[in-house]
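Labels A, B, C and D are assigned to the chains in the order they are written; within every chain, residues are numbered from 1.
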C-alpha cells in the first residue's frame, strides 16, 4: 500500500503534485507571514505631516502625553473645531469627506493605533515627556511625509530598544540605572 | 434623567478588553491591531488613560455605604469606599467590592421583555414606549387598592417615590422586604426599642467605645445591619494602640465568624438566650449589690444554667465580667431573635444595657440617627406583614403587583406560598436587573439600571453617629437597554393621568431627587450647602451624599426599663426531630450575591467553603451517626426537606445543625446556578428558607431559628470546594497518629 | 596477525576436553566463533524479516505514542496545565517524576558502558550498545517530560543562553538552569559516546548490505576501514570519552537532585540527595538494562549466543550491590531528616508512611530492597534471565514510586498546613505511558537499524581471553590488547 | 550595548542586607476574616475566578487568602485569629533564585519580589519553593465572559494560561503615586495611597507603607514587640509583620 503510493509519487505526475503541494504550503505560510506585517486599514488616511506643517503642536491634539500614561486620540469635536472652518470639507474627493460623514452621522471614527506596546508593558507618556524626550524620538518625524503615516510607526517598539535608551539616559547615575533597568518599572 | 446624563456622552472603547486578553506572547503587529473609538465629545475633565472617580452609594445591601468608583474610559474599574461618608469612612465589605461583577454580569436583563407564560423561557423583547404604556395601563385600568408594590430595602428614593404615589392615589402603601431584614429580625429590634424606650427605632450599639461586649446571636461582623460600620466598631473595641483591649463574648449555638472573633464563645442551647441574659443580669446585680431590679428578679440562675447547658460557674464568671466593667454592652440579634420568644430575648438583652447604665453613653446603646430627610424610622416589612400581603394576593384583592429590588420567590420562605399566591395576581411586573426567580414568574420585566448606573439616595438607617443620606449617581452610562424604574414610573404616571400625574409632577428622576433633597439645602449643620438646587445637587453628587456634622443619635430613656417583668420563657420549637436548625446568612454572599462569581469564590470565613451550600454538624454527632465530611444528608423539617453535604464543624452544639442562606437559586444567572451533565440548569446549593415553617415571634418576625429537624443519610457524596486543607486544618487523611 | 594466532590457539584448545567445553558453554569470551560467522549472525539478527508480531507491536506503540503522547500533549498545550493533576501545593507532578525517572534510566547506559569499560569488566562486552542506546532514548523521554511540565512550553528556548536584544539571560542561580545545561551536555556526550563504538560495527554492516542500508551505513561509518591508525584514533577517542562522561553522568543526577535539595521544602532540603539520587538512578538504570537485555535475548535471533546466563549473573551481582547502596542512602537520608527534628519534616515522614499513600512507601521498600535481596543473592536464580528481568521491572516500579514519593507526595506537606492537598494525577498518566511507548518504539526501530551487539568488542574480548592448563587446572587468562 | 555586568544581576544577594522599602502590618486580632481584602484584591488586580471544581482542588487564584485553624474541642473550641496570607515580599526571597528565566526577580528600585508575567515560562519552581505558598498559577485559560472584561484594571496585565502570578503590593498604585508625586515635585507622603486590600479592610487591620521611613505608620507599628514575621527563621526577610492578637 505504502509502496504503491511511493511508486506513484516517483512518477513525473506525482513529482509535479508533490511540487505543487510544497509550493502551495510555502506560499500559504509566506502569505500568512506577510499579512502579519501589513499595516492596518484606517478609516481616514490622515496626513500627520500636513498638520505638522501648519505648526500644530503634537500636544494640541494629544494632550494626554504630558499629563498621564496615554497620549489619547483627539475627539471628533476637536477635529471638527478646525475643519468646519475649512471649505475643503465640501470637496467630494477630499479625505475630509469621511470626517464630515462621521460628524454628520454622529458615529465615532474607529482609528487603529499603530504605535502600540504589548499589553504587558505599562507605558507612561508623562514620565517620558518629563524626562525631556521629544515625540519624534519614538514616533518619528511627523513633518516628513515619507517617514510617517498613520498606518505605520517607523520605530518598532521592542524591549531592547526601550532598554538601550533607558540605560543611556541613566548614564553614570547608579540609582537611576537601577530604577530604569528594573523589570517592575514597566512590567506588572 | 437623560438630559443631565447625555452631557457625559461616554463611549465604550470597543476592543480594549479584547486587546488586554489577546496578546501576552505577541505574534506579528497585525494581531495586535485593535480599533479604538475616541470620544465624539470629550468631557472637559477627562483625559485619556486617566481615571475619573465618582461618588455613589453601594446597593449590595441596605446599609448605604458610600462608594467612590474609579472609572476609566467610561468603564467602571474599581469600587472604593468613600472616605468622607461618615458611615463607612472609606471602607467596604467584600460585597461592595464585587458590585462591579453585578454591573458587568453576563446574565443581566438586557431589554424590557414580555413573557408569554410565567416561568417560561420564551420572551419577546419590547421597546420602552410600549413598556411604559403597559405600566401606565396597569396603573390606570385597575383600582388603586388593587395595585401593590413590593420593594427591596434599597434604594430609598424609589420607595419614597412610590410612597408619594400611593399616598396621593390610594394605592397600597409599598411593602419593603429583604431576606437580610428577616434574618436580622429588624421588626423585633424595633419593637423591643418601642416597648422599652417608647420609640420604634433601630438601636445603635457603640461597640467601639465599649469595654466588654456580650453579643446574643448578633452576627455584626458579617451581614448584620451595617457590617462595615460595626466592624470598625469591633476594631475600636480591640484596638490596643489607644486603650485597653476590650473583651467580647458571643452567645450562640453555632460559631459564626463573629463568634470566631470572641474571647469567649458560649454555646448555649437555642431558645434560652432570654433566660441566660436575665440570669447574667441577676448575678451581676447581686455582685454589684443594691436592690434587685424587677426585670431580673424572677429568674433562677441555676435553672438557667441547667436549661441553657452553660455551667453555673461560667455564668457567674461572665456576670462578674459584666458587672465589674466600666463599659459593658449587650447586643441582641440574629438567630437569637428569630425564635418564638425573640421579642423577650431582645428586651432581656436591652435590659442588661439598662443595668449597665450605658444608654446614650459612649460604648452603650443609642437610638440610631434618623437620616436627614427622614422623620421617623421606617422598618422593612416583617414576615407576618408579608404573610398578610400573600393572603391578600390569594384573595384576589391584588390585581397588579410591581416588584422592585427584591426576589420574594427566593428570599421569602416557601411556606409563605408567595409563588402560589402570585397565580391569583393577574399581572406581575418586575423591575429586576437580573433574571431572578421572581422575574421568571413575572409577566413583564422592565429592567432597572444596575446600582452603579442609577441615580438615587439611600438613608443610613444605623451605623453612623451622624445622620447620613448617601447619594447615588450613575458612574457609567447604562450598558444595556435598561431604564431607571423611577423614570418609568414618572412617565407612566403622567401617561396614566389624573391623580397619578399630579402625584409625580416631575420631568425625570433627577428632578424628583432634587425635590426630595431641596429642603436640606439651607439646613444648618449640613456637610454641604448651596443657594440654588442645581448647585446643591452637584455638591450632593460630588460628595456622595449629605450628612449632618453633629451627632444625631437619640438617647433612649432608661426609665422603668428594669422595673418591669420580662418573660424568661424558653422558645418553642416547631417540628419533630432531634436537631435544632440554625440558618444564617452567608457572610460572603448575603441575600443577593450569588450571581457574582468572585463572591462565590470567596471562602466562607468559618468553613472556607466556596460555590456551594453545606450543613454544619458537630464532629461527635457526625461520628455517632456515621456521617463524614461531604456526605449528603437529607434534612426534614415540618415544612420541607433539603439535601446538602455535611461539613463536620468543630464549633457547633452537638444537638444543632446549621446552614447558610444565599445559595439554591433556580434562576439568577450562570454563576448562581449550576449545570448538570446534560447541560440542564440546576440550583447551585440549596436554599434553607425552604425548610422554614410559618411561625412568627411576637413582633411578627419569622421564627426562622425556631425549628427542629430530622436528618436522614442519603449515601451520596458531594465534595465541597474548600479553600482550607482537610489534612492541614483537621488532620483528616494525614494518617494515624504515632 | 593477532587474529590468526588466536585461531590456531583456539583449535589447540579444542583438545582440552570436558573442562574447556564447560568453560566455553558458560563464557562467551571463551567460546569464539569465526569472525565472519559472528558478523553474519549479528547482521542476520538485524536484517531478519520482521514478523507480523513485530509490526503489530510497532502499530500499537505508534498509536500510543501518537494518541497518548502527542495528541494529549496538544490538548495539554491548548488547555493548560489544568488538565494535569497539579495544583497548589503540588505544583510539580508526574511529569517531573517521569523526568527524573528517565534520567535515572539513562544512567545505566553510561555506567555499564563507561565505568565498566574503564574498569575493564569483561562481561560488559555484548551489551554495551544496548545500554548506551538506553541512555540516549531515556534522555529523549526525560526531555519530553520536562517540556510537558512547562506552562508555556513554546517559550522553552528562553532557558537557553543566547544573546538577545532584551539583555536577558537565563538565571544561573537556578538549579533548573544547571539542569538544562547538564542534561544537554549529557545528551550530546552520550550520543557521541554511543556513536564512537558504533563506527566499526556500521562499517561491518556497510560491507555486508546493499541498497539504502548501504548508503545509510556508509554515511554513519565515516569511511572507517579498520586500519591500525583508525583503530588507534578510535580507541583514544573512546577512552577519552569513557573517562570524561563519568563525571558528566555523576553531575547530571546530582544536579537533578539539587532541583530538590536546593529548595526550602521540608523533606527536600537534604544534603545527601546528590549521591542518593545517583545510586537511585543506577538502581533503576541497571534494572531497566537487564530488562532490555532479557527482552533482546528472548526475541532476537542468535542472541542466546551473545547474551548468556553469566551476564545476568554479573549484572545481578551489580544490582544487588547497588540495591544495598541504595538502602544505605535511603536509611541515611531518612535518619538524618528524622533526627533533625524539624516539625514539618517529622510531619512529612509520618505522612509518607501512614498517610493515604503509605502503601506506596512500603511498596517502594519492598521493590527496591526486599525483592532484589531475596532473589539476587542466589547464584542460580541470579543466572535465570527471566527472573532477573522481572526483578529489573520490580526495581523500576519501586524507583518510580520513590520519585513519586519525593515529588508529589512530599510537596503535599509544606509549612502552610492550610494549603495541604493530595495530588490526583490527570493527563500525566496516559502521557507517561506515551513516553514509555516511545522508548520501546525507538528501541524496536533501532534494533532493525543498527547492530545491537558490538561485534568488534566481543571479538576483541575473545581474542584476549585464553584457556590455559596448569597441571590439572584449566585457567582463564586475559591478555592486554592495547 | 550594555552587558550583563551593567545590569548588576549579582545584586540580588545584596537584598539580604537591606531592610526593604514597602511593608505591611497586619493585626490578626482585629481581622474579622470578612474577605473584603480578597475581593478588593481580585477586583484591583484582574485576578480570575476558577469555578467550583478547580477552586476545590487548590487552584483558586486568590492572591491573598485568610487562614484560620481550630484550637481545642467543643465546647472549649476556639478559632485561631484569622491570618491573611499574601506574598510577604521577602527581602531575601526563596522564589527568586530558582526561576531559570528571571521571571521572578527582585526589584532593586522598589525592593519587591516581581513576577514578570511575560517572561514566565511556567516551570512553577518559584511556587514550589515559596514557603508561604502564596503564588497562584494559571492552570487554564480561565474565561471571563463578556462583558465582565469591561471591569479589567488597565494598569494591570491580564494574565493568560501558563504563567505564575502573585501579590504585587499593588505595584501599579506605587508607580502611580510616585509618578504623581514626581510630577508635583515632591516625595510620596505616607498614607497618600495604599494597597487595595488595606484600602478595603473595614477593620483597618492592614496597614501599608514605607518600612524604610522610621516616621511612617507602618514602621511605628512594626516596632511593637508583639509583631511576628512568618517563617523568619528561614532567612527570607519578610516585609509583612503580623500581630498575633489576644
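By definition in this document, a residue touches a chain if its C-beta (ideal position, glycine included) is under 8 Å from a C-beta of that chain, and two chains touch if they have at least 3 such contacts.
This is a predicted model, so every value here is computed, not measured.
Asker: Identify the chains in contact with chain A as well as chain D, in label order.
Answerer: B, C
Asker: Chain with the smallest distance from its CA centroid to the overall CA centroid?
Answerer: Located nearest the centre of all protein C-alpha atoms is chain D.
Asker: From the C-alpha centre of chain B to that of chain C, how far is it in Å?
Answerer: 67
Asker: Go ahead and note the Å separation of the Cα centroids belonging to chain C and chain D.
Answerer: Centre-to-centre distance between chain C and chain D: 45 Å.
Asker: Hey, how far is the Cα centre of chain A from the one of chain C, in Å?
Answerer: Result: the chain centres lie 54 Å from each other.
Asker: Taking each chain's centre as the mean of its CA atoms, how far is chain B from chain D in angstrom?
Answerer: 31
Asker: Do you know which chain C residues sit against two or more other chains?
Answerer: Those would be 152, 155, 167, 416-419, 421.
Asker: Could you say which residues in chain A touch two or more other chains, in rising order?
Answerer: In chain A, the residues touching two or more other chains are 118-120, 163.
Asker: Taking each residue of chain B in turn, which ones touch at least two of the other chains?
Answerer: 20, 24-25, 49, 723-724, 729
Asker: Which of the residues in chain C end up touching chain D in this complex?
Answerer: 79-83, 86-92, 149-153, 155-156, 158-159, 167-171, 173-177, 180, 259, 262-265, 411, 414-419, 421, 424
Asker: How about chain B: which of its residues touch chain D in the complex?
Answerer: Contacts found on chain B: 12, 16-18, 20-21, 24-25, 49, 72-73, 75-81, 88, 90-98, 100-101, 103-106, 221-222, 227-228, 231-232, 234-235, 238-240, 245, 255, 257-261, 265, 267, 479, 587-588, 597-603, 605-606, 608, 610-612, 618-620, 650-654, 674, 684, 719-724, 729-730.
Asker: Quick one: which bits of chain D touch chain B in the complex? Just the residue numbers, please.
Answerer: Touch list, chain D to chain B: 29-30, 32-36, 38-40, 42-44, 49-53, 55-57, 60, 62, 65-70, 73-75, 77-79, 82, 117-118, 145-154, 157-160, 163, 196, 199-205, 245.
Asker: Hey, which residues of chain C end up touching chain A in the complex?
Answerer: It comes out as residues 164-167.
Asker: Touching chain C in the complex: which residues of chain D?
Answerer: Per the touch definition, chain D meets chain C at residues 1-4, 7, 9, 12, 54, 57-59, 65, 67, 69, 85, 94, 96-102, 119-125, 127-129, 131-133, 135-141, 161-164, 231, 234.
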